């Protein structure tokens, strides 16, 4: 079933014109920015989730058919909040309630989150916006444990001359992803030293703009205070529980920022893992080439 | 790093115009057809691969923080050729060689396919075409073990008045996905009774059109003869090994066909599982609403 | 911490004499009968549990150290009720209660069965008894779906001239394990055709003898009626829930029976998987050589 | 098939006498010392292997049958060199060769170590000896990175007045397991700070006594020099590759040492994971109570 962003009251020709416009754009040449991190054994992730592992049960040559053909295959084990990923609304509860006041136990069916699980997230093909906070502040990256304040967000919007519309996907760059790139997993995780990001105020500011989803280039989206671990997550509560706004984490925003892209077609297609609380994803930011 | 479909020789304004065109299309209203199957424990899949399993190590209430917040999470194990998925070029070899004549052993590095692994598949944002074979033939679905011949393919193109361009993604509907929908896993797998699809001739016909990727609504993309199991896969050899054309399997094409869509913007973003031979995916067919 | 079968009121010398006796027996020559099935990918198991899978992430040669040394390793995923295994008391509940009337929810701590989980099973070094029912009945093996009645059990005891003591481990052979040996997984599982074993009456008879654990050479220990699947398990209720007697399944009893062993030192050491409901095991029957 | 430690040339009555001796010992009262560590998510292990994870896909109440019964089950993923475990001979190679000069590639069949894999380790029911080195040296535990020298081993044997026979299993206590007990995983692993244990000389000394297997209460059995990681393992080469002597790691030897046990019946039953390089185990030291 298609998910339609807005009621289509048009005669067929309007839809066809839009399709033609999309295909013309593709023909004109697109730059597809890959916002997903490579999934590798040993990559930095939260210790709360099963680590990503991969092995090849069969390699070429292990079993060769009479005609000389051979197939290799894979075995994967992992959590869903590893690598670049999206949080479903079923991921976080407050006082026993999920988004919309749904009792967390009532969301379960046969041991999985039949309601508000990640399989209920419709694929996204929407306007996306990058807020490049360190660029606006004139630094390479924010500091460990630094809170991205409402003032920082407004300064960034003004510096970029970008607007946020209802329904948009908003990606907030802190520059912290550089620690993922350079292999410094402990700093990226920041369990003892902290990680920059929005706090409750910034999340409230985002929610007030009625966005569809938010993301960041850090492990937990929101600010982690030095020494506080991953224990207190007020921005998760505001976005997931109170407002039904999805959260994406561990995005790779370095290339997008370097290319100067601030506005784009955002495309996301989470795996429809029935009843799960999240999914690894590989989001795309698409612009003209 | 963005992957650019064609060299961008334009001044910035052309790219910006294309971006504006994409965003205008999104604003005009899009229908996003989801071509991915729900991932559920027990769904039909090939017995050659680790089955999809999911469990919630933590449910809400298992560990509640002092502030009343709680997070639930997941544990997944699976192969990569399960559910809707894409085959990387490293998946199949012939006489010890992968695509481009690369020795299969030389593609390995540290026990994974560092070369031609699924992480080397660039995200796709391209023109897509549906070939609705049963619609063209006037049947609900093809027969078990029926080969989709070159004549069938040309008849379908003509009946639909569709063209195939170089670089397109071509999806071939057999109607066999109805057996996935209705829960008849044994028939869907067809290990003893067979599955419809193209054979070597159809694959060669597709390859001659210089397409980027091909897909079908069946477990193995190509025809499986009754009683032959999954042992002989000539279309895989032609596409993956000889021509470097990706293959997608277990697509859900029923909704797309029912909506009468034949041409669309195809979007695919495989998980960049380093060194793996495939990835579960959730492909999208995007058209105007 | 050692688990002591009976209060040791002896002076040290008695314990030392027993130790000397054990070591003398070992020196005299032991026959160690292996009652565990080989764990292989694709072996017959219940579809209710994650299948056993194994892969080698690193093979020799993948990463060789400067000194010429190399290590290979493994990746496993599985349920616990696969292969030869033991059921913990936390495995089965009746009307929401586990053994001893413990509320099943109260047995959970942080999402695992902290109480009555498989880690609470003390290793067993005890007298074991084999009841070779088909030998007593003069058949190669029992029929699909045949119930082992109380009369069968008493006939077998008499035919063998074996006694059952309180605290013993009793293994019941049906001969059905031959289907595991010969690779006929569907017959071994017997989901549609049934499996022989004790019913509620036989379980009650066993429980009345105050045994410590019971086992069989079948997938579910107890009789499965043809066409009934694994849905109704009264012997599990009697043994696990009402009496706290452990159950072992998918034992290999063919060799032990062929050797004519009826009485032995039974040794079992389940993996102490914290909070799990079962464990794969490799039980031993030890006798003089 | 039973594995017989020594050719049985006896008439049946000798074997029966031995069986009677074993059962008399069991009846007299046994103390069964559990040498296996509890398997818990997050326990200290080598980062080279997939971490132990466990989840309950079904808890009681998720699916209740009409008769009020319910079954809970498990999902496990793990490496084999995690928790208390044994190394198969296929685990380590030197210059491409395994034990007995077998080419490592020739040991593979269909992608698993069909030869020298952990399924080829016969269950052990043998004389075992504990060498309590810190007790002999008058310390609580050895130092990080301290080598257990040949002199230490001989001092310990003399202090204990213990002998080592051919075919014995020898367990070497360093006291380092106390760090596992107290939850100090980083110190237990000792990747940067080192771990005590025998070196090449100690391994050669053990091998000269023609033992069957050796074990220790540390993560890698042998000494890890501070800062050297797990990269150089000469004792593994001597024991596994040159002499075919199995190695056990992460044993819990604290209770056994505290009880003053130095000589015991050692029982080990590794999971017969076909083609794997190791297995989690729960070894037992059995003495009179």
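Letters A, B, C and D mark the chains as written, and numbering starts fresh at 1 in each.
One rule holds for everything that comes next: a contact is a pair of C-beta atoms (placed from the backbone, for glycine too) under 8 Å apart; a residue touches a chain by one contact, two chains touch by 3 or more.
This one's a predicted model, so the numbers in the text were calculated from it and none came from an experiment.
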| item | value |
| --- | --- |
| Interchain contact steps from subunit A to subunit C (minimum; 1 if touching) | 1 |
| Cα-superposition angle relating the copies subunit C and subunit B, to nearest 5° | 180 |
| Copies subunit D and subunit C - interface residue numbers shared by over half, same or different | same |
| Pair joined by more contacting C-beta pairs (A-D or B-D) | A-D |
| Mean-CA-position distance for subunit D and subunit A (Å) | 44 |
| Distance between the centres, which are taken as Cα means, of subunit D and subunit C, whole angstrom | 23 |
| Intercentroid distance (Cα basis), subunit D paired with subunit B, Å | 46 |
| Subunit D: positions in contact with at least two other chains | 41, 50, 53-57, 59, 75, 77, 108, 111 |
| Contact graph of the chains (line, ring, star, complete, other) | complete |
| Parts of subunit A lying in touch with subunit D, wherever the complex brings them together | 42, 47, 50-51, 53, 56-59, 62-63, 77, 108, 110-111 |
| Subunit D - residues contacting subunit B, complex | 41, 53-57, 75, 77 |
| Touching residues (chain side subunit A, partner subunit B) in the complex | 1-8, 10, 14-34, 36-41, 48-50, 54-57, 59-61, 65, 67-81, 83, 90-96, 98, 104-105, 108, 111-113, 119, 122-123, 125-127, 231-233, 236-237, 255, 259, 263-265, 267-278, 280-284, 286-289 |
